[in-house]
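I've put the structures underneath this note.
Here subunit A shows up in two complexes: once beside subunit B, once beside subunit C.
So, the complex of A and B:
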């Protein structure tokens, strides 16, 4: 069981992710609906893994990823976003994301990506 | 799609009442012919293979048949057979009208002839409606759109209709796109696609239609435009636009997205190239609006 932080500006997406992650017996230690809140909660909660959206109203998810990795090079971040563009995928993976899942997703995909990142 | 147009025609001509249409639409909803079921019926695929394709469909913007071919479950020929059989699902409304005793077979045949003569569609277009041929239908309804923007907008709108069918409602009717310079709304779901090419994408509708839309997309019971409903509508548009940009990225075109927004009580304005496409769902109408540049006055 891992302690996970969910970052997504959509409450519907967070709710769905919460259900999927909990079904795989992981613990949701917190949720953030924007980039600034995500950075703050990462420092506060020190989760073992973060699921990170990209398009958010305040700070882009890739910018948050870079900030987290800068302070914590071993941080485990899985991008989960509607945006499956090649340039974003490359940018996220180069910045240290452990995986990149596009919406709409299959539940198994999320669980597999999280478990692989945690190995 | 044919059923939506045919049903509207029957109402307009006062051939059936709203209540009768509601009853037959509910009846045909429970007897929809799915490609997977047809595939099992025909012995072309087993249930495990059908389930596998449905799973893959949830993660790919591809049709059942395309995935089944890629996975080696169907050949092109077998898929053709199934599609021909599935297209007969356009008879479901007629079937329900007859089963409910509203029409005899003779009356049904007569009304169909009347529809073919008076609907304003030519025979190719009626075939496209019966076959749910989104590409052809979109081409017809987006005829008015400025040609310089045409290709991308057609691709965008085709995907929008396919996503409506996939996530919200498979009985969709459209009206022709028309150019507008302003649109007053109570709730507007909007998101900008930005980069070398700018497209402002928005949709709106009555509170009850949007709430129903949001309920279907989120799987939550939502009665009005509460926060969860706005979130669900925004997320639908965000996923639509994310898929569109992903498809463009595969073609070497990289564009970006601004965060989606839900705006209230305002007027959308544009000097040029703003288009409105009314989309009729089985539970109400949404207006889809797109433009290269527009502003919102509150």
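So, the complex of A and C:
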């Protein structure tokens, strides 16, 4: 069981992720609906893993990832992005993301990506 | 380690230069094995006396007299060779072998820090040297043997490797899959399977993997590949490598063939490479598409059968949209941008409606149209594209499928149409071939529902008939009152039963319902009333058909049964009321004396019971004089 922070600007996505992640017996310690809030919550909650949407209106998920990794090189961040954004995924992986999930996602895909990142 | 002469040094006696030859002679006589004697002056060696040389000289004429009593300096050899104890064997050999021919075999004097130490005999040296050589040669021979053996093993080994490579290559070539690998330079190695060349259409050997893919994917993907491979070659973590490679396209259209691509990292301590496994999946793809097409066609036919109104509505809406709605909108004076957006949204909504109605070819074409329109910004271009749209073209394929399956009258007649049973069973057969599991079950059940009827509808069909019967008898009945559950039964299977219901209605009208005058006199409504109530149970349904007539006269039944000799008097006396009422269902029983067109043939209610018997059902009658007669039918489903 890991303590997880969900970062996504879509309430529907957050709800879906929460349900799936909890079904895999992980604990959701918090949710953030934007980049700025994500950085704040990360420092505050110190989660074991973060699921990070790449496209967010205020601060791009990759920028948040970079900021988190800068302060915590061992942070485990799993990126979430629309299908066909391979260049963004590569950028995120190079910036230190542990894994990625493409939307639209299947439940087991989310769980697999998270568990792989936690290993 | 360099070998010195130290182990060859022998002790040889020294004699002062002033000693006479006799002394040396005595020494040689006493020490038969001694070969030499060293002559010193103040402890420095100045000459040497070799046994052979000494006696050669003594043995000459006058030699004995000349040397035996005189100083040995006269007889000693003075061209002595002195070497230091640290001299190595090789250098020693070189020095000694370069001496003059007559002194070549003389012993060599060895000094240690300038002081006399002993002598080295040349013969000893040679023996030692040959011993060493012999050992070296032996070693050399052994080494050569090992080398030879190693060489042979190596040969066998490379043969085995070559064999292995050949068989792997054969395997790879015959697997029909493309196997290729490359290192950090991204150049494809020679060891790739034949299928690779076939897939790409040329020999890919020694070419850059990026160049090979450049013709099949866009520059963004090439760039992505380049960056990803670079990361893979830098990254040590196997898991991360897998994640990196998962970004890359899993399927690429190469020379009009769908090629599935698997990426694997081969990590042999010394060199890392990436292997690509290419599989031509075009055939699978085509099959998938064909299956999908067939599935969609079946869906369309089912939709057409079950929702004719909706389909015709959707088709007419589509025609209307392109003929008037959108052109009017685009020609209106509103903001051009808004007009384009509204038209686009309308087409999008239309696509949804069309696809809801399973008109999948039309929907696909609308989808393509949408893609095309999405790129357009100018109103003129937008109009131009739409002007070219023909609704007949859009609908052609789907309408053809419906026409072929159901008939051309489908689009003419509204609301009802006919499908032959044969065609229906053909369609069912097709579905069984295409769909499986849950899908098949749902769709077959849906089609089956076409063969099923609601019991309420079946009963309602008797309305007109029963009224006519009543009128013929001078009676009036109102519309059936049908209440209760909706129960669907297979028309084919229950046809005999449902047809037999005619006897019940006839019976009620004929025997139950009174004439209007009688009814008025009894204070009943002029119209006789027939009520039907259906209740659904798990594996059966009940059908209650009742009138509000005069009821059944049990005495009349008794009398008739005795007349017809169906029972003896004593038998009849023992029957309960229920049992007497049951007599009406017996063959050959009819309470009427005359055989009317309607009843009296003695088959009526017996026929109903017989049909119910066949289905495993039951029929019961309940009645109250002057009030009602009620038939309760239990029908298994």
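As a working rule, the second predicted complex is superposed on the first by the 117 of 119 C-alpha atoms of A that agree within 3 Å, B and C clash if a C-alpha of one lies under 4 Å from a C-alpha of the other, contacts with A are read in each partner's own complex, and residues count from 1 in each chain.
By our rule, a residue touches a chain if its C-beta (ideal position, glycine included) is under 8 Å from a C-beta of that chain, and two chains touch if they have at least 3 such contacts.
Not measured: the values here are computed from a predicted model.
Undergrad: Could you tell me whether subunit B and subunit C fit or clash when both sit on subunit A in the superposition?
TA: Overlaying the two complexes on subunit A (C-alpha atoms) leaves subunit C and subunit B clashing.
Undergrad: One more residue to check, A:45. First (subunit B), second (subunit C), both or neither?
TA: neither
Undergrad: Per the contact definition in the header, classify A:119: touching subunit B only (first), subunit C only (second), both, or neither.
TA: In the superposed model, A:119 contacts subunit C only, not subunit B.
Undergrad: Check whether A:24 is in contact with subunit B, with subunit C, with both or with neither, and answer first, second, both or neither.
TA: A:24 contacts neither subunit B nor subunit C.
Undergrad: So in the superposed three-chain picture, is A:105 touching just subunit B, just subunit C, both, or none of them (first/second/both/neither)?
TA: first
Undergrad: Touching A:86, do we find subunit B (first), subunit C (second), both, or neither?
TA: both
Undergrad: Identify the partner contact of A:12: answer first if only subunit B is touched, second if only subunit C is, both if each is, neither if none is.
TA: first
Undergrad: Based on the superposed arrangement, let me know which partner A:94 touches: subunit B (first), subunit C (second), both, or neither?
TA: So A:94 only meets subunit C here.
Undergrad: Mind telling me which of the two, subunit B or subunit C, contacts the most residues of subunit A?
TA: Of subunit B and subunit C, more residues of subunit A lie in contact with B.
Undergrad: Could you tell me if A:56 is touching subunit B, subunit C, both of them or neither one (first, second, both, neither)?
TA: first
Undergrad: Quick one: from 23-31, 77-85, 95-103 or 365-373, give me the piece of subunit C that collides with subunit B in the overlay.
TA: 365-373
Undergrad: Does any part of subunit A touch subunit B in one structure and subunit C in the other, and if so which residues?
TA: The overlap between the subunit B and subunit C interfaces on subunit A comprises residues 86-87.
Undergrad: Which bits of subunit C are touching subunit A when the two form their complex?
TA: Per the touch definition, subunit C meets subunit A at residues 220-221, 223-224, 227-228, 231, 239-240, 243-244, 247-249.
Undergrad: Along subunit A, where are the residues that touch subunit C in the complex?
TA: 86-87, 89-90, 93-94, 99-100, 116, 119
Undergrad: Given the complex with subunit B, which residues does subunit A contribute to the contact?
TA: 9-13, 55-57, 81-87, 102-106, 108-109
Undergrad: Note which residues of subunit B are touching subunit A in the complex, please.
TA: Listed in rising order, the residues of subunit B that touch subunit A are 55-56, 58-59, 217-218, 220, 227-228, 231-232, 234-235, 238-239, 241-243, 245-246, 248-250, 254-255, 257-260.
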